[in-house]
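Labels run A, B, C and D following the written order; every chain starts at residue 1.
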Amino acid sequence: MKGRTLARHGKEGLKNLGRNSWMSFASISAVTIMLFVVGVFLLLIVNMNSFISSVEEDVEVQVYIELGTSDQEQAELEQQLKNLDHVESVTYLSKDEGLDRLIDSLGQDSEAFESLRDENPLNDAFIVQASEPQQTEAVAEAASGLSYIDSIDYGEQVVEQLFNVTKILRIIGLVLVAGLMFTAMFLISNTIKLTIVARQQEIQIMKLVGATNSFIRWPFFVEGLLLGVFGAVIPIAAITGGYHYLYTNYADKLSIDFAEILPVYPLTLQISAVLIGIGVLVGIWGSITSVRKFLKV
Amino acid sequence: MKGRTLARHGKEGLKNLGRNSWMSFASISAVTIMLFVVGVFLLLIVNMNSFISSVEEDVEVQVYIELGTSDQEQAELEQQLKNLDHVESVTYLSKDEGLDRLIDSLGQDSEAFESLRDENPLNDAFIVQASEPQQTEAVAEAASGLSYIDSIDYGEQVVEQLFNVTKILRIIGLVLVAGLMFTAMFLISNTIKLTIVARQQEIQIMKLVGATNSFIRWPFFVEGLLLGVFGAVIPIAAITGGYHYLYTNYADKLSIDFAEILPVYPLTLQISAVLIGIGVLVGIWGSITSVRKFLKV
Amino acid sequence: MIELNNVSKTYANGVNALNNIDIFIEKGEFVYVVGPSGAGKSSFIKMIYREERPTEGSIQIHGTDLMTLKEKHVPFLRRKIGVVFQDFKLLPKLSVFENVAFALEVIEEPKDVIRRRVMEVLDIVKLKNKARFLPDELSGGEQQRVSIARAVVNNPRVVIADEPTGNLDPDTSWEIMEILENINRNGTTVLMATHNREIVNAIKKRVIAIEGGRVVRDEPKGDYGYER
Amino acid sequence: MIELNNVSKTYANGVNALNNIDIFIEKGEFVYVVGPSGAGKSSFIKMIYREERPTEGSIQIHGTDLMTLKEKHVPFLRRKIGVVFQDFKLLPKLSVFENVAFALEVIEEPKDVIRRRVMEVLDIVKLKNKARFLPDELSGGEQQRVSIARAVVNNPRVVIADEPTGNLDPDTSWEIMEILENINRNGTTVLMATHNREIVNAIKKRVIAIEGGRVVRDEPKGDYGYER
């Protein structure tokens, strides 16, 4: 193909958007609205995922030290804990600090327990954080084999249920995003196909006056690409702008304790890349596959 | 319009689906996939909403009774509590039961507190349930004006944060469902419009040989209606069937404590009604409005 | 009775297709409209069934003033006028039978009447055996004959034919002329744009010659030709 | 050189459009194809540029065997054949200029060559001043002339014209014939399906008459007519 022909195809593809302005508008708005929906969901799901992770990170193993363990033995235990697989960190928590933490967590009931301070029922403890929240149980199990240990607590039931919930949430999120992306691709290419079916006759005429398949296909390729690009502009702008606004104005309200919503960058950049990628790929793909049907003349 | 003409329009509308089979297929599959997405979201959001409500229902006000209150005074207080606005129920909780509950909730730490039983730091209490979870604070406030009360606890901070979270979740859910419905309507009518634009010339020919606008419109009305109905069949079947399957096989796994997923009926019936409603309305609407554009010949 | 008073037509792109046309056609007349390619014959014809509206002047058909005619009454005007379009304008998804029947369905004729009448007309244009074909499966001349059949099927008061023999061999053309003469004899006004010199010179009728958007000649029993 | 051996064509709907056609056309010949409406003229013509494929028999064009020609080589065959389609087949979204230019763009001519050559041809068919119009803004005859311009613009070795004067007045028809005779004089083979008795009888050339899908007459310098 000569250079001027390539330039011609590019120009023709662009012109065709204008020549079929109604159809182009319909296609671009379908791309726009679907990418917007996909973008919003990506934002939500990615944030949900990070929330879930924060919650999971909070899970820890409390290893209570046997009464009467010497300082040296205690250091030995600490080292052994640190040497366990999947252990991220080991922190010492004296029984007084432990009681403080406990009483704090009881809220208004706490006053009633102040009396406990005189006769602390707790032991000193090591707080062990697993490198992966899902490894917590394994770590607790491994730790239970060590000596100088009074008891081990990691909220077995609660943790198990938590992981159950987060697993379900993650699966739902993944299914939703995957389903929506599929839907978006299907609908975008469906719409593009409709605009091209309407031009079936034109494609056939081109073939009858001696155009090769590739000569016909190229402008459609360009057209599909432009549909994708133009269709991605508004969703990208809206999502980046909207998220930026939410983040700067409501970041604190949207955060719960430790779990914060993700910063604007690089998240919106990544999502923008995904959106324009979907737009362009599906645009080109929808366009090219639909043309192919009508090339057999 | 004569009866036979009405019959003719119905038959013509059905025939047109076949005559433009490719286009009909594209439209119906767009309706199908969008209604499916909307249906899945409705299921999720309605269930989320019921989960949230269950969590909120769990909020209660603990009214601790002053030491040394006589039985009669206690009965008086109970009556006064019952008479407060927005109070659903008032239950007596002795300090021993209270301690049981508390210790239970501490999980494995509990053993350390068994010692407390000898010297219970709690008071007897009334557990007050508000008729609306959101009224909890008001109830607590009103109760605090009464006599014979030692202290009042309803987990102020936790409850406030909980309601914040549930509010945000509800808003997100509502926005998502509304947004998706809008998207579905837009895309369905967009797709239908494209199929009709492609028939612009035919519509003009009909007008030129003496057809009135309503004569042309009727078959399109029928066609739009059928598109909606046919497009709603698969989503309704898939959602009802899928949810039924999930419910019978995984209801327990998908439930957390008190919060259970909603039963199959009437939920799926309601969602089916919504889906077929959207399909038919948008089908007819998209069809009729697009035809109108081309009737001016 | 068709009456054009001082009618001019300028298209949206600025082309001045007709200029100050004054024509009066009696009920039951047979009129040829001749003129070179692009003279304005089709534009003239399109204004009579109101596909196009004049930019100036006034048109009356059987007492109906097309300039003040309400949009919703236009279909009823068109039902009184059978049109053979220069480009046939067949509905591509309908069979030959359905295409012709359409003109009767719009006036809500009973099904059996439609069936009988359509087959009658298809017989006349020799397409009875192709009733179930789609337009795409017909030759050029066959499509033209379907268009003719549709124009006459509901016995309109006026038949307008734009180049009805352009795709027909001479023999078939004569047969079509016979059909048109026949319905004319029964009182139908016939207006026919044509390039067919042979026919115009043989079947003598009134000839209106248009050139450059103006009527350059208007003769009863005239010859083909459009020189002043 | 165009050679048809024992060619038959049956369409998908069962219509038997051509039967055992044997035709040999020398390079540089001028041939009329005549016959009544629905005889099979267009079917015959469509097989030469391979819009349709024969159900039986073989076709050779300038040494290329159409029966074994690969799909991807078809466009190159079509570029050597200029076709005036009975229904014009203009691209509705392209201007007159762009429609004609398209035939040169596919063979990747430089832009200035395209421009010059297109305006030259539009001048010949008297449509230079309508170069920027869309097909919809043209009269029937004007559209037909655009189709003719596109067929000849790339100096093809064969020109096939299906009813090229069906929508033209006699004067313009003669001018089109002059164009066709001119390119024929320069060595181009011309094959023309027509119903125009006047022209066939005046410009004497070889006449192939088809009726009911069979060649019923094949005469050098013949008259119009298709009776056996």
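Quick note on the criterion: contacts are C-beta pairs under 8 Å (C-beta built on N, C-alpha and C of every residue); 3 or more make two chains touch, one makes a residue touch a chain.
All values derive from a computational prediction rather than experimental measurement.
Trainee: In this assembly, which chains make contact with chain A and also with chain D?
Mentor: Touching chain A and chain D alike: no chains returned.
Trainee: With chain centres defined as mean CA positions, report which chain is farthest from chain A.
Mentor: C
Trainee: Could you give the separation in Å between the centres of chain B and chain C, each centre being the mean of its C-alpha atoms?
Mentor: So the centre of chain B lies 62 Å away from the centre of chain C.
Trainee: How many angstrom lie between the centres of chain B and chain D, each centre taken as the mean Cα position?
Mentor: From the centre of chain B to the centre of chain D is 67 Å.
Trainee: Taking the mean of the C-alpha atoms as each chain's centre, how many Å separate chain A from chain B?
Mentor: Inter-chain centre distance comes to 24 Å.
Trainee: Looking at which chains touch which, would you call it a line, ring, star, complete or other?
Mentor: Chain contacts: single closed ring, each chain with exactly two partners.
Trainee: If I apply the definition of touch given earlier, which pairs of chains qualify?
Mentor: The set of touching chain pairs is A-B, A-D, B-C, C-D.
Trainee: Hey, which residues of chain D end up touching chain C in the complex?
Mentor: Chain D residues touching chain C: 11, 13, 15, 34-39, 41-42, 86-87, 133, 137-142, 145, 162-163, 166-173, 195, 197-198, 224.
Trainee: Please name which positions on chain B make contact with chain C in the complex.
Mentor: 1-2, 4-5, 8, 16, 19-20, 202, 205-213, 215, 296-297
Trainee: Would you pull the chain B residues touching chain A in the complex into a rising list?
Mentor: Per the touch definition, chain B meets chain A at residues 22-23, 26, 29-30, 33-34, 37, 40, 44, 102, 106-109, 112-113, 115-116, 119, 121-122, 151, 153, 155-158, 161, 164-165, 168, 172, 176, 179-180, 183, 186-187, 190-191, 193-195, 197-198, 253-254, 256.
Trainee: Under the stated contact criterion, what part of chain D meets chain A in this complex?
Mentor: Chain D residues touching chain A: 49, 51, 71-72, 75-76, 78-79, 83, 85, 89-93, 102-103, 105-108, 110-111, 150.
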